[in-house]
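These notes are about the structure you will find just below.
Per-chain numbering from 1; labels A, B, C and D assigned in written order.
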Amino acid sequence: MTDYTTRITTVINGQEETFFCEPRESLLEILRDRLQLTGTKEGCNDGNCGACTVILDGVSVNSCCVLGVEAENASIETIEGLADGDSLHPLQQAFIRETALQCGYCTPGLIMAAKDLLAHEPLPSNERIRLWLANNLCRCTGYTRIIKAVAQAAKELHQKP
Amino acid sequence: MKHAEGQVDFKVIGTTPERPDGIEKVTGRARFADDIHLPRMLFGKILRSPHAHAIIKDIDTSKARALPGVHGVLTGGDFPQLESTVIPHGGASTIDIRDLAENCIARDKTLYDGHAVAAAVADNYHIAEQALELIEVDYEILEPVLEIEDALKDDAPVLHETFSPGRFILQTEKSHSNAGSFKLKLGDADRAFQNADHVLEENFQTRCLHQGYIEPHSVTVEWSHNDIMSVWTSTQGHFAIREQLAFILGHPLNKVKVTPMEIGGGFGGKDQVYIEPIAAMFAKKTGRPVKIAMSRADMLRGTGPSPGANIRVKLAAKKDGTLLGADLTLAYEAGAYPGGPVTSAALQATARYNIPDQQILGHDVLLNKPKMKQYRAPGGLPVNFAMESMLDILARKLELDPLELRLTNAMVTGDRMITGIPCQKIGGKELLKAVQTHPHFTSPLTGRNPGRGLAYAMWFGAGMTSSAVLTANPDGSVKLSVGTPDLSGTRMTLAMQAAETLGIPVSSISVSIPDTDSIAFSFMAVGSRTTHSTGLAVYDAAQQLLRQMTERAALYWDVDETDVTFSDGVFNHQKDSTLTLTFTEMAHLLEKLGGPITVQSSVTPKSNGAQLTAHLVDIDVDTETGKIEIQRYTAFQDVGKAIHPDYVSGQMQGGVAQGVGWALSEAYQYDEAGHLLNTTLLDYRMPTSLDLPDIETVILETPNPNHPFGVRGVGESSIMPPAGALANALYDAVGIRMTALPMTPGAVLEKLKKKQRGS
Amino acid sequence: MHNFDFKKPSSVTELTAMMTSYGRDARLLAGGTDLIVGMRSGNLRPAVVIDAKKIPTMVEIQLEKDGLTLGAATSCRRIWENRQVADIYPALIDSASLIGGTSIQGRASIGGNLCNASPSADSVPTLIVMRAVATIVSSRGTRTLPVQDFCLGPRKNVLADDELLLQLHFPPPPKHSGGAFNRFIPRNEMDIAVVNAAAEVELDSSHTRFVDVRIAIGAIAPTPLFVSEAGNAIKNKPVNRKTIDHAGDVAMACAKPISDLRGTADQRRDLTRIMTIRALEMAVRRAGGTVTDD
Amino acid sequence: MNRIWIPAHLQHFTNGSERVEISGSNIRQVIRALDNKYPGLGEQLREGDMLTPGMTVAINGSVDHLGLYATLDEDSEIHFIPAIEGG
């Protein structure tokens, strides 16, 4: 059998990581199965639920629709890298405070998508938040509290010096 | 002891502390089933039937076995041949264990598109998938049955020559070659129709759909040398999974250990085994841990769904709108095996209205679709849609306000339901009046083609067995363990009830949900029961704990036990006011007085009290495309007592979102051969954040007399009214009456065009 | 998923050489939102996957006097984030911001959307009305082709086995013109269009008369359809409701839709009319005109 | 006394009565007493050591899955809820 294994070096949450993978492995598989970063979730594996959202070179993407081999020299942010030690990111705090999660399975993807939004648009309207997050399905909450949490985190981040 | 009646000074209950699982879930550290990684783990994949109805003539797995990296291939024949045996499924229903086993992997016949026929285990999923492509199955394709009306015909193709009629709460009896049936009757419906001023009759239809949890099913099994089977899975009931695995594999219950992981949504779809027996068999055969996870297509084709239904409603009413009689026929899909939720639908179909003469005929209909599962208020939405549409039709015919019509007929405490059973304490009229006086009810409508709709629902959740263990530690902390998985925040609502009873802050309590070896039997987290029924176990355990601590306080003070009382978190001596110890102070003394105290409670309440819900919705209709835009949505619910009001409101919002999906966009689409066409979340359309408005919630509290804090079940009822409310709003907006779900833009447009042609 | 070789050429020459040697065994990877999903489902099984995104030409946005040139692998998000492009080519932004959701747009490319040749592709009607021209290369040379001639049928395009789409070029919009794209989907996001429509209008200097009108519709034929009949029918007509309705009627008459799980033929015919009218209304507004009632 | 609701198709045993009063501290005793008072009715409700297949019992408003073995507090309201006849 042909050995397709490739060596890939990338930066994940600020740390350089090297891993071996086959081209057919998605970035999602690499994160979860090779690097044990299981905070990023699989919901559909075809780009239609957003549970696997990570930030790749500054842009939120569905990691199921990225090949691991594409991550060579890339910079990747996942949910595991969001908090600063024990200090939660304002989005994380707002999701807890506003009960913006129930089962919590879609939460990492939603938070990463929201982080990308706030990095580009610091004070989005509720309509804008709804549009941005429409790629991220949640089956528990009905979204009302998620939108509120993101809006509140935006305000908080904006007010920070 | 505190009672909800007249009780206003709860210290913990009614507050909104932050969830214990919150930090784990927002940081990605929470462990869901698929997050398990064991050394030397293998990965399994399932081959599924491409035919809706076929005989498996032969399966050749030799090429698959020969593929490098493959460690095993299984077919139905590798599992024990079971006799048809009906076993209790937790208590509320029964299940034929042979049906359950064959639903996991077919033996002789495949009964739906997506029915598992073989499985492969390999070094990774990619190799396992390649192995599946090498399995050759010789099918003899049979004619499928895909519609309820076809399945009930005498000459319909037969799914099972014999079957054990289903029992979900009520028992059915075999009535057709593809159906079991039952009948409920109160008074004399014929009499009502003879005496009525108005008789209305209409047919309604809804389609099969999925519970849609975002987390795919995933299980990991390890089989030890001493035959202990350890299972990590995503489930609403680890004890149910344990029993089903034990029966299917013929393994003793005490050698099956199931650990419930964090669960990424269940909604009624995650209490039954699918991949678990296959992973277990692979683990046994290979001696290595085996994980099987489903793809989204696997889930849509092979798990869930919730049944579609054909419903006929006939109502008898007086001129003033008083309902005299009702006659309903409910035909619900059971799917490939009997036991769908038509019986629970029937029990709740007319409940909430006082109708003296009524009858319901129910059919549990076998057809070539997956075995139907419960979905939040099982069976409730289709018949609620039908009944609430009928009430609207009646109101418009009699030129009555739809809300007044509901008030006229609202069931009150003690009115007899269809079973003849008197209704428990409810606040139905109060709830409807709360709708009437809410600003939403009288606010002006805006938009091009606006409309407003109302629907009303009632649901009885489950009671069943729950267990709790409480330990008071010498450092003053309290450990609570419960046997019901946490779907939505129940670790917190249970800890809050313990804290309230023990008079300590909720932060002193830590909660876990141990595996089946480490906690007493508990029924599943279903039927809106956890906060209510497991809450009763927690309350009982807390009372036991206090009794033992009272004994220890008496010992410490050297006084008579009967003189020691506990109130507001403090042990007091009734006669000597200098003798007081807080709960925490008392806990610090435990080491000296015999060590920590652990108490256990298992309780089995009969029900969890009626949940009443009313929804009010404003829409705008694009008459050129048929699209319905929801502009405002308010959900009202009587929850007995809201332990954690934010969680209660979150449950209500979640139910609305699912009900709206059911009403407007979600449905399984099959071709004529029975292939499921929409097997992705692109074409299986669940609501996105852009499809829903901010959902407002109004919580009412009519205490449940059967719970110390007045709690009623909360989770289920809010899924029921959206379809009826939206259909009624649509009629209000543009004068068309939709009698089938989902009310897609295409269906609405077609009806609008018909109306235009007619006028 | 089957296994495959992964290549990352860094120049167009290297890329065309690979295409020549692998031909139909190779697939070009741009955003991957169709390719990776297709491979996972087993529908696509290329032996070689070639990542085109390391080649600067493939991912460049060049806005110059003679128009806009997009590298075929440029992501939708990079397009809609570009303010200058948004000001000049609003219809392109309509499409780029509607394909999938945000996290799809971070990867998916207009070039990939075009090559995929789906009848309901959300960018293709826009490319057609904007007179986009495709630059196609191979080691044999370069050719250009109007986008309206690019798709041949569902999932079929004009590319030979050794060819690839390098760039898309858009001429500068005429004065007093405006373009718009819209689609009808059952939900409000994350759906395949039941019908989509793009329109570009050029008005006279008073903004009261159509000088030129181009209309293209998706999901009503085996390929996105350039309905020149509908545009021609209202050339030189006054900008009013009646004229626009007429274009809608003509477009509807040109529609040859089928029924599938996403919509019936009847519904698609109705939507052809409505989406055409709505695209025209928006295009007129963007051109500075007003749709009057008479 | 327990108040027993007789299903419509069995009311010919009770001379058309919808409700009858019977003492007993569990369902087994109630059925035995019913059968003494209305010979033949017991057979319709139980089969060997279980309720007749297709029959469900509700006590004070709640379905009780102990069936024949469910206990009563001597002042219970009991409903037998049947499935329809086969065929």
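We adopt the following convention: contacts are C-beta pairs under 8 Å (C-beta built on N, C-alpha and C of every residue); 3 or more make two chains touch, one makes a residue touch a chain.
Here the structure is a predicted model, which is why all the values come from computation and not from measurement.
Of the two chain pairs examined here, A-C and B-C, the one linked by more C-beta pairs in contact is A-C.
If each chain is reduced to the centroid of its CA atoms, chain A and chain B end up 29 Å from each other. A straight line joining the Cα centres of chain B and chain C is 44 Å long. The distance from the centre of chain A to the centre of chain D, each centre being the mean of the chain's C-alpha atoms, comes to 59 Å. Shared interface positions of chain A, i.e. residues touching 2 or more other chains, are given as 22, 24, 45-46, 48, 131, 133-136. Annotation for chain C: residues touching 2 or more other chains are 1-3, 101, 188-190. Residue positions 126, 681-682, 688-690 of chain B each touch two or more of the other chains. Chains touching one another, given as pairs, are A-B, A-C, B-C, B-D. On chain B, the positions that touch chain C within their shared complex are 126, 129-130, 133, 624-627, 665, 669, 677-678, 681-683, 685, 687-691, 744-746, 749-750, 753. Against chain A, in their complex, chain C makes its touches with residues 1-6, 8, 29, 31-33, 36-37, 39-41, 49, 51, 53, 75, 77, 81, 100-104, 106-107, 188-190. By the touch rule above, chain C contacts chain B in their complex via residues 1-3, 42, 101, 184, 186-192, 194, 261-264, 266-267, 270-271, 274.
Those residues of chain A that touch chain B in the shared complex are 1, 22, 24-25, 32-33, 36-46, 48-49, 51, 78-80, 82-83, 88, 91-92, 95-97, 99, 101-108, 111, 126, 129-131, 133-147. Every residue of chain D that touches chain B in the complex is listed here, in rising order: 5, 7-8, 18, 53-56, 58-65, 77, 79, 81-87.
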